[in-house]
């Protein structure tokens, strides 16, 4: 059985340095030897504020689905998706940069709305495969009772999970848009001027990204909180986002109106985001926004309900 | 009733059992060994779920792997789950009884459930049972067809102290009824109480078999330690040391007080103690040999098998 | 530990019902010993009690204080000072022991450097060496149990709750775990509450046992039995015990002590006073007999605990 590395000094264990031992009755002067007690002891350092703990949780929640610090195999699928998300933007930026004869601004080749639209498939795939991991792994490992008893409050955990999911999705949605923006600065004839002219786009890009990210995060987490098996969460989410559009379109045809399209959980947010970017009103108007808000709120409610005090976790 | 003859078993590159031979007769035999040392392999071989790579296994004269008939008289409680949540305890046990050809399956099921202490809960769904109760259902399943040979792998997992004690008594009584019972357990104090014989497996080989006390007595190179306590016990210990009766004296630090003395020969120590205690005027409130239990014997067997190191 | 330290766990009138089952029924008890064993039948309320103490379940009524703090209201404070080693598998299998300890330390509020340092110390203390960098999924059961213990200790708690710490371990693993737990309370000053079904384990690591029955306290007593001068004593001597008993009886009669054979075939004397024991000793010396064994026949811990679990016998006290 392993024991202490150094013998205990004559003092009570604690801290890193022990007191002097040698010396003896020699009187004044440095001791001839010192023993240091390195055994396990109580932690006497200062504790960081809670936001540091939540940050650690969020960091872990983002690393895991991306396969960081794990085997190469677990990185394949997530990085494939990331590549698919960034490729259009990178390509569109690279062409004018590398081929000076082409004098077209990247944003003219692909507008932000189109970027969002092409990325929506990647978003779907990412939410389906990566976001549930944020919750299902902990459930499957049965680590939650340990967390809630000795580490985190339920509120901190839910907050951390939500921030992880949102961060992951922003990586897919906001990232490429920023690449487009920054790339455009680089390729513009007058970078400074272009920036000054388009700086107002940034808040709209951010807002539009959030418009897409929030309902998807809410939906993905809500479905994941209902099960401990990732495959069920994935299936549930896909069911909603694949069947939803079809249903809403069906209803639209039957009713011969456009408003059912507002209930499309996959396409709806994208349309809203486009509207935000273009500064135009939403196609289905206020109804679309209501549905959007309902999705976010309902998803969050399920999440909180499952992990709250009365919930099942 | 059970014969294992020069059996070896490989799993790919690892050898789980190496040239093991023993026979089992009526009564309870304990099977001891570390995790991964080959115990579960022994049980699997006897249950017939695995075939030996070399050697022969015979249960009641038949090959458990090849002959189905053997299983009519064989009861097995394996490690791990084996119950269905939706059926009642009675239903599950009766079903298995019918499968094994028991005549009045329902009555047999009720009787055996009573015996394992589940009489009151017999008609409740197993899904609602605690871990310990489910364990007892599995025991009932193994007993319902009145088997002559029983194989029990960690049968007390999840049982509370009262249940454990009751089941230790149950297993002991099964042995007294003339059945051949092989029990594998890590809690050696309980094995000592149930089993009259033990088989000790270390690193895939059989290192000892027989009665625990007799095995212990065969280990002649064991140090014999005795716990002494009473007023003036320190003086007694000093005298024992001075007279060369004991080789070392140690204060007992586990909180009970007194001293632990080590002697090369136990009888010489026992003979010297009364006279020397009287000489010194030490009252003997406790004279207790330490390390005479199965757990110490087992630890010594492992050390001995290893030879050097650790 | 001074006597002014608050009890490790203390509750009054604790009650909790799940559907129709009364898991806790007005439980009132204080855990004051350095290491306490928690025993009880399945369904007696042990796990519910632990879950309330850990803040995972709210009681219907009554109060529970951990280290002097209210378990429900001061939850955040309690979390910092308590460690928990669950019985069920609870470790992420793809992380190494090092990563698990660092991660949990950070979630508990330690900075990164502190977390790494503490993880290293605590993994060494439980005996995990090079294997600490491999994924937990590749560990043997013994190593996984040690990792669970390490994570319970990494933030330096004052109190550790262990649920069946030797579950599934083979005799060598059990021995090592029990020594670890004993060191925790003896040398490292950490208060320990162990819930276990194996009495032997509790006897070797705890100073006191608390037995629950039907959601209430059934018995609370120290593990070690003090010397009882009036209690019976069993003596095993060399040679024929009957001869020895026959010579002994008249010498003990004046002291009012009787001699009778024991079930194990030894010589039993009814009262082990020092005077009587000296008579035994002197007779053995005179006759040149070996004195093989002399032990008080106290009611063992097991009997007391089983009686309490089944509702017989003493209510409290030792």
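Letters A, B and C name the chains as they come in the text, with residue numbers starting at 1 for each one.
To be clear about the criterion, contacts are C-beta pairs under 8 Å (C-beta built on N, C-alpha and C of every residue); 3 or more make two chains touch, one makes a residue touch a chain.
None of the values given here were measured: they were computed from a predicted structure.
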>> Farthest chain from chain C, going by mean C-alpha coordinates, please.
In response: A
> Chain with the smallest distance from its CA centroid to the overall CA centroid?
Replying inline: C
> What whole-Å value do you get for the distance between chain A and chain C if each is reduced to the mean of its CA atoms?
Replying inline: 45
>> Suppose each chain is reduced to the average of its Cα coordinates; what separation in Å results between chain A and chain B?
In response: 53
> Using the average of all C-alpha atoms in each chain as its centre, how far is it in Å between chain B and chain C?
Replying inline: 23
> Tell me, which residues of chain B touch at least two other chains?
Replying inline: none
>> Quick check: in the complex, which residue numbers of chain C touch chain B?
In response: 39-44, 140-142, 168-175, 197-200, 207, 224, 227, 238, 272, 274, 277-278, 280-282, 284-285, 288-296, 302, 305-306, 309-310
> Within the complex, which stretch of chain A touches chain C?
Replying inline: 1-2, 5, 13, 38-45, 47-50, 52-53, 56-57, 60, 70, 137-138, 141-143, 145-153, 309
>> Per the contact definition, I'd like the list of chain B residues that touch chain C in the complex.
In response: 32-36, 130-133, 158-165, 186-189, 230-231, 255-256, 267, 270-271, 273-275, 277-278, 283-289, 295, 298-299, 302
>> Considering only the defined contacts, which chain C positions touch chain A in the complex?
In response: 54-56, 58, 75-76, 79-80, 82-84, 86, 88-94, 103-104, 106-111, 114, 118, 121-122, 124-127, 129, 151-153, 155-158, 176, 179-180, 188-189
